[in-house]
Structure formats: structure tokens, C-alpha cells
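Next, two complexes with chain A in common: one pairs it with chain B, the other with chain C.
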Partner chain A sequence: MKLIITITKITFSEYLAYRMNFILWRFRNFLYLFFYYNFWTAVYTYQKQVGNYNKQEIFFYFIMSFVITDIVFSSKLFKLASYINSGVLNQYLLYPVSVFKLMTVEEVVDKTFNTFFSLIEILLFIYLFKIEVFLKIDFYYIAVFILSLFCALVLYYFISLCISLLGFWTNSVWAPRFLTFILINSLSGSFFPLDILPKSVFELINALPFSVLVYLPIQILQGKVSLDFALVKISIAFVWVILFFFLSLFMWKKGLKSYTALGV
Partner chain B sequence: MIKEISFYFKIWLSFAQKSFAKSFYNRVSSILFLIGKIVRGIVAFTFFFSIFSRLTVNVSGYGLKEIILYFLIYNILVSLSDFLFREVYEFRAKVVSGDLDLVLTKPISPLFNCLLTGADPLDLLIVLLLIIAMIVFLLLNFSVSLSMFLLFIICFVLAMLIQTAFYISVMAFGIIFLEVDHIIGIYRDIQFLAEVPIRFYKSFFQFVLTYIVPVGIAVAVPVEVLIGLFNLKNILVFSFVSLFYFMLSLYFWNYALKKYSSASS
Partner chain C sequence: MTKTIKVANLVKNYITYEKNTGFLASLTSFFHRKKKIVKAVSDISFEVEQGELIGFIGPNGAGKTTTLKCLVGLLYPDSGTVSVLGFNPFERKKEFLKQIAFVMGRKAQLYWDLPAMETYMLVRDMYQLSESEFKKNLNELCDLLDFHKYLNRPVRTLSLGQRMKAEIITNLVYKPKILFLDEPTIGLDVVMQDAIRDFLLNYNKINKATIILTSHYMEDIESVCDRILIIDHGKLIYDGSKFDLKFKYAREKEFNIRVSYKHKLDKARLSQFGKVLSYDAKTARILVDKDKVNNLIKYLVENYDIADLDIKEPDIKYVIKKVFTSVKDEVDNNNY
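And now, the complex of A and B:
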């Protein structure tokens, strides 16, 4: 518990150290909502339905994608690669707390902050723009939604970890990180519902693990998929989680053997 | 004047060669970076195509063909800016570390040095691919006279002036507030709105994208010259807006330089 409180304090003071940076970051998030609202409003001026979505459903989708993206994709794991490259990892290896425990707590604290601010922004946005949100309140759907969100969080954590661990073998982790970022952002449904794409493209994207990160949780919450289908998708996603878990474990063990603490 | 341009062009070439050599040295990274950009472009295109191919109405002269052309020109403008002004992304680090001092003492313009010395060859490759795609698409679907094409080139240069003004303003902002990344991010978000023609939006937003953050008009006017939707008034307003913002950004840059405290050096 002490560790969590300490990291929370550090994270908070990090945010406050560059206040303008923090303000602009949150302001940008709010603008993002405003822009998407205007974009979709313009689109629905000329058509009543885009794919399976009417105007209200698309608003709900982009609001939820905003929240889920902030929760799932906020991560500090990218720092691990620079720790490896610069030799700072040595300090972490000498700490009485395991590096993964430390980074996982950092992740949780960071995600909690993000979720807190996202919710404030969303509520403010819904209030200001008078957006009607219709939520399918069904216990089973909510439970499966939480399960899918948890699965998305864990999957993203291990994907991100694997990319950072590449730092053991290369100084240019930014390139695979950029590619992963693009793939995840474009193919997870964080910008738009994937099923408005042509069917063949949608099926191709849906076969990849990325759609589980944003698209699936929202589909469940909107009641657009059956519970059985959702559970199958979540089970497949857990297989991906296990794969990435073992891959990261393998990379960590192999990486530590070749680690020379270059830069210290 | 010509001598000075030639001098700076030589310096630019020298820096570009170094950037290119760096990219070729990190071949795997460069390929991954390129794949990422291409994937992003394809997904964005498929998304817009999915939305606009379903449109049954012609929006203020824009049908599917016009929107595809608009999309291509928008991406040329953005990628060309990325190609030329990549160095701006390093600017905050220079200010925070105090390395800007080293730039200020060099016998070349600090604005040129901070703005134009990081040309990115991968973006150049994307620009070239997009230009080829645009020319092929234009030849297959539109009939454009030579005079209209020349007018398009002039408008495109003015659009680049707006992009330049933005990047100069970002650096000036960076000197005063030590913040660059989020400002670029906000601008990129606004640019996203300009990925579809401003005629799609309500009049308030059209006004914002024309006069306040003129990224909308920067893409719209060159495209509308090619598809025959332009009028003289629009071009005059566009010329005025781009020159005004460019001059304003230079003023802002000079103002910010006077405020630079060289705190970390």
C-alpha cells in the first residue's frame, strides 16, 4: 500500500511539474471530443445511417472509445526501453521491489488518473453538448463488458511490454513502437467503429487481436453482439494474452542474459 | 537575395543528406516507420471511402471523386510539411536543455536552423507516391487546363505558407511555455477535421477552419481550383489569410526569441 501511495504522489507531482503540458494534454483531449462531435454531426447531416449506426449510437461509440482508449492505452511502459538503453535499469534491478511490480503499480496509478480526468471531461462534454446517451443496462452485459475491458488492459500491457523489451537488442525501439501504435490505433476501433468498413476489410481486421482493445468492449456495452459471441472473442483474446505473456517472459530472461548495462 | 537563397539551399541539402544517411543507416527502423505510415493512410482512406461512398447527395459540388482528390491533396500537404519541418519535433528538447544557445550563435538564421534542417526521407517517399497517385487520378477523372493547374500550384504554395506559419508559431510558443508536442497534437487534431472538405461543416466551423485555424481553407482552395469550384473572392481571401498568418508567425517568433532566457544552459 505504501508503494502505491508513494507512486501516486510521484505521478501527481510529475503532472504538476509541467503544468502547461498537463493543461494542454487534457485540453487536447476535450478538443478531440469536440472535433469528433462536429465531424460526425457533419456526416449525419447528409445521411441518417452509417453502417449499423444511427447518430445517437455513433455519438455513444465515440464517447466510449474516448474513455476506453484513455484507460487501455495510457501506459508508462515505454520508459522501460529507455531504461534498458541508458543503463538506468541497473538501479531498478537493485531495488528491493521487483521492476515489474513497480512498473505495474505505476501503470495502475497512471490509468486511474487518466480514467478520473477522462470521466470529468466526458461528463462535461455530455452536459455542454446535451448528448443523449442510451446505455443497455443489463447485468450480464455489464459483467462481460468489464471482463472484456480487463482483457484489453492486460493484452495491451503485454504487447507494450514486449515492444519495450526489444530495447535489450536495439537502440531503435521507437520504430517498432511507432508501427505498433499505428496498428493498434488504426485497427482497434479507437477512431471509428470497425464494422462500417467494407465487410472483407472488417473481417480481416477482426481476425487480429487489436479489435479486442476498444471495438469489442463498446460493442458489448451497446448490445450489438450476443453474449456467446463476446465470450468467444474474449476467450480468443485470452489466448493472445497468454502468448504475449510467455513471449515477454522469454524476452526478459533472454534479454537479461545479454544485458551489458551499456551507458552506465 | 538569390545568393542568400542559394546559400541556404546548400545548407539545407547538406542537412538533408545527413538525415537521409541516418535513415539509410537504420534501414529496419525506416521500413517499419514507412509501413506504419502506409497502414495509417490506407485505413484512413478506407474509412473515408466507406462513409462517403454511401452518400446519395452531392455536397456543395463534392461527389466521391472530388472527395478522393481532396483526400490525396490533403495528404500531400501534410506529408510535405512533415518532410520539411520534422526538426520542429526536436525543438522543445533544444529549449529545455539550453542547446538553443548553440543554434543562436551559429552564423545562419536560427529560424531556418530550427525549422528546416531535419528533412525526413520517408515522408519524401510518401509525398512522391501521393503526387503520382494524384496526377493519375486527376488525368483519369478530371480535365484540367494548364492555367488552372498553374493556379493550383500557386494556391498550394500559399497553403504551404500557412503550414509554415503554424510550425513557426509552435516553436515560438515552445520558447515561451516550454511546450511543443501537445500544440502539434492539437493542430493535428484540427487537421483531421480538414481531412474532409470544409463545405461539409456548419457555417461556424467553416469560419473557424477558414480564419481562426486556416487549415481547412489551405486544402479546400487548391482542390476547388482543380475541380472548378473556386471563385476569385475565395482566392483573394485565401492569399490574404496565408500571408497574414505567415507575417504574424514571424513576428511571434521574433518576440519569443527576445523572451528566451537560456535557463538550462
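And now, the complex of A and C:
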């Protein structure tokens, strides 16, 4: 517990030390919001409906996708790859606390920070642009939404862990990381609601686990899917979580044995 | 007496793969890669008792760092057994990690943009130190290293030497029983090197800690270590006390003689005792084989009125140089 508090403090101090970076990062996000706002406004001047979405629904979607993307995808886990390659991992291996425990705590602290700021931005945005928001205020829906969000977080955690662990075998994790980031981002529905795509494409994408990351939580929140359907999707996603978990475990064990503790 | 460290027939080869760039290449390399084997440590055995001060020396690439990394559990040995404090290092048990420290000369463990104090607090919590224990240890270390005034400055504003001290504190606030130091004084100025050496000696005395260090500076070894392990091409070629090393490989003593004004030194006679390095009528510098030391002193006392006589050990640098030039023949002849 003390450890968690100390890590929180350090993360906070680091944010302060890099506050310019942080402010620019948040500003970039705000620009994104503004861009989406204009984009969808333009689209809806010509038509009343895109797929199943009217203007208000699409606005709600992109605002929620903004928050959820921020929560799910903001991850420092990729540091692990450079730790492996540069030998910084050595120091973590010598700590009496597992590197995963440390990184997970850091991750949670970091995500909490991001969520907090992203919520502030959103509220500011909604206020400034006078956007009407429709929520499915129903206890069960909210509960399942939270479950799906948790599932999304864990799934993304293990996916990025696996990509980071590739660092044991390659020096350039940057390329696979970038590729998967773009791929997962688009397939998760963080750019637009997946169901406005042609039905066959949509079904293909929906069969992959990534739609759980962003698309599904918003669908639940908007009340566009039945709870039963959502729960089935979440269960399938948890199977993926287990798969990625074992894959990362395997990679970690195999990687450590061939690890050459490079650097010094 | 149980040994703190037991190493038996340790072998470690690096299998370097050509790490690939690009995603597809790295995917294929996951399954099939070109191997290259580098023999870093081949068949090393030694044992260490608690509280020993050990110098681990050898030329670049001899396998010193590799051995240390096997001892702390960063590397998985190819064969042989390593036991440290009764643990298998590679399992990296919590109780094991809490009792050892590995100080790496060139690596910063500290948060770069934050004061060292923040890193120490993280260490405090990871090693589950009580606040009083932590304060006491930190104070002690800061006193020994004269570090109090740097605690709250961002690490990046510290000099190399100050950072090394900061690093050492990171590794020692939890009072490890065994200290592994890989070139702890590299790149530091003479004053700072001395400070670190004094510190290590003190730490060993106060805490009965075992210290194993590698270094290129023979001064480190000379002033800190009692026992020396010499490694070359992954093989241990000497293991014994510093004193024995000098005794075995440096069979000479250096004599500096001055005689009173009444006398004149006889150069031809002196050269029978050893190699005359410099000579004038009243003074001489001679390298004398240990066997002849006695005779020379006798000769001097009987024949001269000695104004000044200084008999020196050759320094360790000279000895090590001799080890590397002579040891191979000796090993081949099997007569040592």
C-alpha cells in the first residue's frame, strides 16, 4: 500500500517535471476533439442519419470514444521493450518487487491521471459547444459498461505486453508497436462507430477481439445492444485475455533465459 | 564454516542472434535465427566467506561482468552451479534480492529528473524498510559519502561522481549482506575514487558485508581487497590473497640505499644481488630477488655505514602485469 502511494507521488512529480510535455499532449487531444466535432458537423449538414446514428448519437459516440480511447490506450507498458533492449531491465530484475507489479501500479496511476484530465476536457468541450448527451441511465447497463471497460483495459494490457516482450528478440519494437497501434485503434472503433461500415466488413471486424476495446463499451452505454449480447462478447474477450496472458507468460520465461542482460 | 557464495564449474556462453529490424523479420526470427556463440565464462569455480573483500580483475572482455551477472541472477548459467546465501540466484527470490546489491558503474537507476530522495523512498517501500530504519541507514550513508546536501537536487544536475554516490546509496540503504560492484570508480576523479574506496572499507567493517568488485584501477584493488581473483578469457587463473600474489609473482623487492659520506658503494658487488636500476657512489636502487634479500642486508650492514635504507614491495600493477606474462607458461608446465 505504501508502495502504491510512493509510486503515485513519483508519477505526479514526473508529470510536474515534464509538465510542458503533458500540457502539449492534452492540447493535442483537445485539437482531436475539435477536429471530430467539425468533421461530423460537416457530415450531418448533408444527411440526417449515418447508419444507425443521428447527429446527437454520433456526437455522443465520438465524445465517449475520446474518453475511452484515452483510458484504454494510454499505456506506458511499451517502455518495457526499451528496458529490455537497453538493459535497464537489469535494475528491475534485481528489485524484490516484480517488474509487472511495479509497472501495473504505474499504469493504473497513469490511467487515473489521464482519465481525470480527459473527463475535464470533455466536460469543458460539452459546455463550450453545447452538446446534448444521452445516456442510458440504467443500473445494469452501467454495471455491464464498467465490466466491459475493465475487460478492455486488461485485454489491451496483455496485448501491449506481448508486443513489448518482442524486445527480447528484436531491437526495433517501434515498428510492430506502431503498426499494431494503428491497426487496433481503427479496429476497435475509436475513430468511428464500426457498424456504419458495410455489413460484411463490420461482421469480420466484430469477430476480432478488438471491438471490445472501445466500440462495445459505448454501445452498452448508449443502450444499442442487449445485455445478453454484451455479456457474451465480454466473455469471449476474456478468453482472449487468457490467451494473451499465457502468451506473455511464455514469452517472458523464454525471453529471460536467452536474455543477455546487455548494457554495462 | 558455511560459504556465502559457492560457484562450481560455471559456464556461460552468449548466444547472440542477429537481431532483426522490421516487424516481419522479427516475427520470423522468433522461430529461426542465426546463432553466434561467444564463450564468456568457461568453467569457473570459487567460494567466498561472509565478510571477505574480493577484487575481481582481468583484461577487458575477460568475463568479469558476466560472472557477476550470473551471481546476482541476471543471467542463466549454461552449466555449473551457483549458490549465493543458499539461494539459486536465477530464481530471484525476494529474500535473496533483499540481501544483495549490484552496483553498476555506468548505469543510472535513479529517476533522472527527480531528486534522488524520491528514488530512495521507492527503494524504502520496495524493500519494506521501516521509516526509522530507512532514516538511520540513509543518514549513515550520507555521512559516509558526504551526500546530505545533494539529496533534494534533481539527479540530472549532479556531477558524475555525485551520481555514483547517489547510486551507491540506492543500493545500500537496505543494508545488503553482499555487495557486487562492477567498476564502481570508473570515470571518477582521484579524490572521488578515494572517497568510494574508503567508504567500501568502512561499510565492510561496520556491516560485515561481503564485497566483490571488479575494477581497472589497481589502486581500487590495492586499497580495498584482501583476496584477488584473476580471470582471463573466461578462466580463473589466480585465486588467493593479495599478499600471496605478490609473493608468488613478484619475487623482487626494491632496495633504496644511501650510505654515509665515509663510504663508496661497490657497483660490481651490488649487481651480484640483483638488478641495479640506478647508481652513484652514495646511493643505489636495486631490484633484489627475495632469496637474496637476507644476504644483501647482511652485506650492507657489515660493510657500510648506512644512512638510509628503504625496502619496498613492488606495486600491484607491476605484479598483475607479471601474472599475465608468466602465468600461461606456468599453467602449461603445471608447476604451480
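The rule we apply is simple: the second predicted complex is superposed on the first by the 264 of 264 C-alpha atoms of A that agree within 3 Å, B and C clash if a C-alpha of one lies under 4 Å from a C-alpha of the other, contacts with A are read in each partner's own complex, and residues count from 1 in each chain.
The rule we apply is simple: contacts are C-beta pairs under 8 Å (C-beta built on N, C-alpha and C of every residue); 3 or more make two chains touch, one makes a residue touch a chain.
Small disclaimer: the values here were computed from a predicted structure and weren't measured.
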Query raised in the report: Can A:258 be said to touch chain B (first), chain C (second), both, or neither?
Result: second
Query raised in the report: After lining up the shared chain so the two structures overlap, which partner does A:3 touch, if you call chain B first and chain C second: first, second, both or neither?
Result: second
**Report entry** Partner chain(s) touched by A:18 [first = chain B, second = chain C, both, neither]
**Finding:** both
Report task. Return first, second, both or neither, reflecting whether A:128 touches chain B, chain C, both chains, or no partner chain. Result -> neither
Requested in this report: Scan A:239 for contacts with chain B and chain C and give back first, second, both or neither.
Outcome: neither
Requested in this report: Look at A:120 in the shared chain and tell me whether it touches chain B only, chain C only, both, or neither; answer first, second, both or neither.
Outcome: neither
Requested in this report: Applying the touch criterion given at the start, work out whether A:175 contacts chain B, chain C, both or neither, answering first, second, both or neither.
Outcome: both
Requested in this report: Figure out whether A:43 sits in contact with chain B (first) or chain C (second), or with both, or with neither.
Outcome: first
Requested in this report: Report for A:96: first if it touches chain B alone, second if chain C alone, otherwise both or neither.
Outcome: second
Query - Intersection of the chain A residues that touch chain B with those that touch chain C - result: 18, 172, 175-176, 179
Query - Residues of chain B defined as touching chain A within the complex - result: 26, 28-30, 32-33, 35-37, 39-40, 43-44, 46-47, 50-51, 54-57, 59, 177-179, 181-183, 185-186, 189-190, 192-193, 196, 200-202, 205
Query - List of chain A residues in touch with chain C within their complex - result: 2-3, 6-7, 9-10, 13-14, 17-18, 87-88, 90-91, 93-97, 166, 169-172, 175-176, 179, 256-261, 263-264
Requested in this report: Spell out the part of chain A that touches chain B in their complex, as residue ranges.
Outcome: 18, 20-21, 24-25, 27-28, 31-32, 35, 38-39, 41-43, 45-47, 50-51, 172, 174-176, 178-179, 181-183, 185-187, 191-192, 196-198, 201
**Report entry** Interface residues, chain C side, partner chain A - complex
**Finding:** 14-17, 19-23, 25-26, 29-30, 33, 65, 69, 72-76, 92, 94, 97-98, 100-102, 104-107, 109, 111, 113-114, 118, 121-122, 124-127, 154, 182
